[in-house]
């Protein structure tokens, strides 16, 4: 008799990625005829979480799901998922050592492993080499520091005869995942935004305020970036349309940029201020509590199958996400790929400076508070310090019940 | 046996006594007209018979069966409505056969009855049209057809002609009457038009305020109105109703010493005299002054003032009397009517 | 239809009116025109307009392959059919009761029904979601349609229509021997046709396009209607690709658009005859 | 009770039962439950809900997001309602005037109604995109300075309003069109003979005659103003900094993203309050003034 | 001076010649009736005068001014529409004053004119009502009021009474005529009802198919119909039009040897004789058989067959002649009309 697994996943690319996942599950089922996996494609991360939790409330959650690593606390609080430790023996748990530790830090809490990295990413910087050339910059040298970012940006910002900007220096999105991009700036400025337990946040510390101030200054003071919020969804298109010479976005966009950019581009680590760094991001495999023992076992089998070195490598190649384990980078196909396209390794290299993504209890709400603060600041409607103070206050109120 | 019998039937809506303790019978095969001014309860009476309204009190019999509590669908009668109530979405054929289909009459029987009705009413070429593509008269006939095929022994009609123009109305009147007589139907026919009533009815029931004022043949209502109300309601133009006064020379028309009315037994009467029974005649005894002259197609009506009263006089064709001219009037002696001044009842 | 209005612009005014009308029309048609432009051209022309741009059906092919639109179509189609047929039956019966009968409590009941005009199921998503969970029909076409099946708007509209049917027709049918249901079926329903048509079109376009509630109660491809599918499909981590999205948009609203193009005259007329005022 | 009366009651109730049951189950019961739930704080992870009295309401008053969303929604309503209604009326008058291409005009005005909001919002997203979006291309052609339409707190709500007006006006136009066709042409002829100018005719005769339609449309526009949130999902997700968030969208966020059902219920209650108030005002006050039949 | 003059006016819609080369004048202070069957172009003619339609060709003068190309608002005339065209959302007062307000007539003047109109029409108690709260007759009066206060010298009316019931119609007829005469208005009045036309008009223009058939006083149309069409259109019941045949004993009514018509100069004629000019008289020369008897209120019409022709005979009051009875008829010798069989024109 077959064990049935419903599997929610959020890879959301207008195109082949759903097909890739479906292909992988089909392949998996061929090898494991006793398990039947139904992949359900559920939109972006946030929607997928909403769906999964909504389904949980409705009594029929999925059995396995790829959800943001940062939603771990939320899922625990909702009593939605079980740790892998409850399914596997300690010996069997050793497989978690195969993954980059940078990715695992978001996947474990209280000594238990709740998620297995799958579709992981970090933020990287893309730049338009042609634009660099036109601005008299070396197309192969991206900005390494905030100061360079500003000075390069000034050169890259082009205006037409009437003073209208036709090309911006840099675009750092402030919708969709505003908190994530902001966290990168905060890390680079030496600020941690939360504690390990996800019960405290430090939004209004001076270093964070400075980071936000920097983001605001890019638009208002240095005028190298558009004023107001910059839309996550349209930023890649801005880049393709040469409306911005540099953009910060997820490594997950690598393949997208490769196919759509009609010019030579570069991919690099984010510039540093007091230190380099980027938060990790992306999704982990979670196993839901409302499952039978057989389903749990089957789910683990599925998860482990999906994250073998070969498959992690292939997944990375197909999508641009970071292959989640070191040995994946040693596979033949990956080596070849990196040889042909060295930028594929940038994200891995940056992992060295990776920091766990902002993740707290009631994560959606806390990040929403931070998002609002960032948007208020880049809109000029609040001073960065005030905005972050408000966000801090709001976050503390939300986290009150987890601090008892 | 009477085809319909109403026994002390009333229908009240709150304090509105639409029909108030009415009793009458309709003879098998006869045509009864319910006549009266607007709001007098004609439609309500008819709808009570049909079962479309429920009685407040009283009993209704159709044939020898009490139907007081039966729904309309089980009273086995046919009805033609003021606006015909043809189903606009059905063809003439479907309209006529509607009831038979609903009653699950077998196909063969349906065909037979349809053929007969179509034959009688001359609807042959119209069968596949929708009512909207028919003239008023044709619609009328379809409505009749629907009533015919039901082969109900009683047919009710609520002002079926009031939407037609004068000419057509006259034709349809004749047609309905002929049909009723030739098929021997019992018919109750509602109208507020006394001309229609007079020209069609075997019997007329005149209603006022939910009560029966007079129940008689057309000739009776015309020549012996039981009350001032009847007198005033029947005839075109209506009967002149004149106040009387007593003066030195006897009883006269009010306000005029010399227009004597020797037939009156008291000044406490109202004198009724039809315009048709007055003539301009130099030898007449009443002197009047012409007030207006109206051409009414069929003839003209001259209004004259005699004393303090206005008298209408019917004259044929067009008249050329100028307002203000002096006239003398003669009346038919044996066509005077007298009513009590207070009760309005015939003396 | 109506005869010409004597105040309709003449001479120069007519030209001004025409210009105003067409300016507005172009403004209003812009999004659709853009969608058509973009969907039929390669991606690089989605933001720049060049008359010489090559035509392509690629975007449609990509969109069609990128998500199970066939399934979504089936789901939406079933949803719309289910909702509409339930609405027609339930609203007809209720409207008939309200229009034809006089019974105690009628006013109160009607007021209760009318409340739904204000408090639409769209607003009570939280509670209705719970209810669906309790009945255990989440993630099904039934759960999307259930709250909409008894529509106050439908009842109201049909009641108006039924009330405008001459009482005489009802009486005539009763005298001819028809019972209440027969009268309903043979007289009221056929005569309410323009209203049914207008209502059906409004209802179909509403449910074809409804989003928030289906988003909540559906989880999987098995029940997900086009709108939700489209949203899931178009919200990507990687940013928007208008060529594909417009193609998908045209695809999903195509049947409705086509239906309206074909029936627009009847639609507008039935609206007018329905006397929705 | 007489036979007839009994029949009436039995039949009427039988016919009403199915519809009534559903309406009660999905309108009245949930409304009452919403009221009850607004006194509870939701339990996490399957814990039972906790009775907290008026705490949710107290929080309502401190919740800046709520206050902002409420303000937005009122602005949204006061933008969309008059705009869509007056545009609908203008459209109806234009279409009714038998201008060249009448059928196309009607089609073009009405099409937004048929398109799914969620889909066209993506197209509008393009229009509003800074730098190369359509609006920007037109703007730079005209030589004004660039605006980040959706990205700026001051314009995001305006964009949201614009899309809503675009969507609704054509729908309301149909109602006006239907009403206009019922105005007897002889009224216009009479007015013309009396010497009324075109403006005077519309102002003194046509608009007053359209008042009942306006009432109907007003009710619908008001409901829509509190119901239409689909485009938010695509255009702004309520941002930036909640500048374009609306009440129902906030309810969705609170209830389905934060799973704070108790507070969600409280917010829903506010929404219901607004709808109720709107209906009372509209039916109570305005109807008295517009009724002429 | 004529108040209105039409010179060779035509109005065509494609191939429909609604009004076809019409010329006539209306005398200052007179009432002209445009009469004719449905679709004959009456309304179109009126609307051409008002400027609500444009002429295809021809010229229109009001007073001594050519108005052919003026818009309605500048022709300075008043019009009463068939459906009154009262503004439903305005009170009676506002309806009446609408035009004055639009034309910016000073307040004092407005008040004066309103008071006068209200006085004439007896609208005092209705001023604050909406049209929907008025009876048909009252609405009619408001429409008249609106026309009155304009104090235009010309007033046009398009079947203003056709929505009223018979009784009210008769009253309003009288009222309008009295008003027109006392105010000295020039009035053009459209109707398809010949009785209305006959009882109101100073002159009647009878139209058929967009052309003028006869233009004359009512008495002329009645006593000297110019064509068979006029003869058939005027009078209730209409004139009997009988075919003639020649036999051994001279010219007779078709199909009957002995009903002689010595006045006829040829059998190629149609004989017209009004029902009012026929009498049952044992000494009469024509023998007939009663076919139907109809009571029509004012009197009765007996249809008799003489030869192959049917003759209507008017009789006063109710008659009790059974169908099938034999009668003899006498006619007024000097009231015979003869028409050409082919052209239909009066001999």
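Read from first to last, the chains carry the letters A, B, C, D and E; within each, the first residue is number 1.
The criterion applied here is as follows: a contact is a pair of C-beta atoms (placed from the backbone, for glycine too) under 8 Å apart; a residue touches a chain by one contact, two chains touch by 3 or more.
Since the model is a prediction, treat every value here as computed from it, not as a measurement.
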At minimum, the number of touching-chain hops separating subunit A from subunit D is 1
Overlap of the subunit C and subunit E neighbour lists contains B, D
Centre-most chain by CA centroid is C
Relative to subunit B, largest Cα-centroid distance belongs to chain A
Relative to subunit E, the most remote chain by C-alpha centroid is chain A
Heading the list of chain pairs by contact pairs is C-D
So, in whole Å, the Cα centroid of subunit B is separated from that of subunit D by 57
Note: subunit B sits from subunit A at a C-alpha centroid distance in Å of 92
Taking each chain's centre as the mean of its CA atoms, subunit A sits from subunit C at a distance in Å of 39
Between the Cα centroids of subunit B and subunit E the separation in whole angstrom comes to 28
Multi-chain contacts in subunit D, i.e. residues touching at least two other chains, fall at 125, 132, 189, 191-192, 256
Multi-chain contacts in subunit B, i.e. residues touching at least two other chains, fall at 71
For subunit A, residue numbers touching 2 or more other chains are 54, 57, 233-234, 237, 241
In the complex, the residues of subunit C that touch subunit A are 43-44, 47, 62-63, 65-67, 129-130, 132-133, 136, 138-139, 216-217, 219-221, 231-242, 244-245
In their shared complex, subunit C is touched by residues of subunit D numbered 8-9, 11-13, 15-16, 18-31, 33-34, 37, 87, 90-91, 94-101, 103-120, 122-127, 132-134, 166, 169-170, 174-175, 177-179, 181-182, 185, 188-189, 191-192, 198, 201-202, 212-213, 216, 219, 223, 226-227, 229-230, 233-234, 248, 251-252, 255-256, 261, 264-265, 268, 271-272, 275-276, 278-279
Seen from subunit D, its contact residues with subunit A in the complex are 44-46, 64-65, 125, 129-132, 140, 143, 145-146, 148, 150-154, 236-237, 239-243, 253, 256-259
Seen from subunit A, its contact residues with subunit C in the complex are 6, 8, 11-16, 18-19, 38, 40-45, 47, 51, 54-55, 57-60, 62, 232-237, 241, 249-250, 252-253, 256, 260, 262
In the complex, the residues of subunit D that touch subunit E are 184, 186-187, 189-197, 200, 204-205, 208-209, 211, 292-293
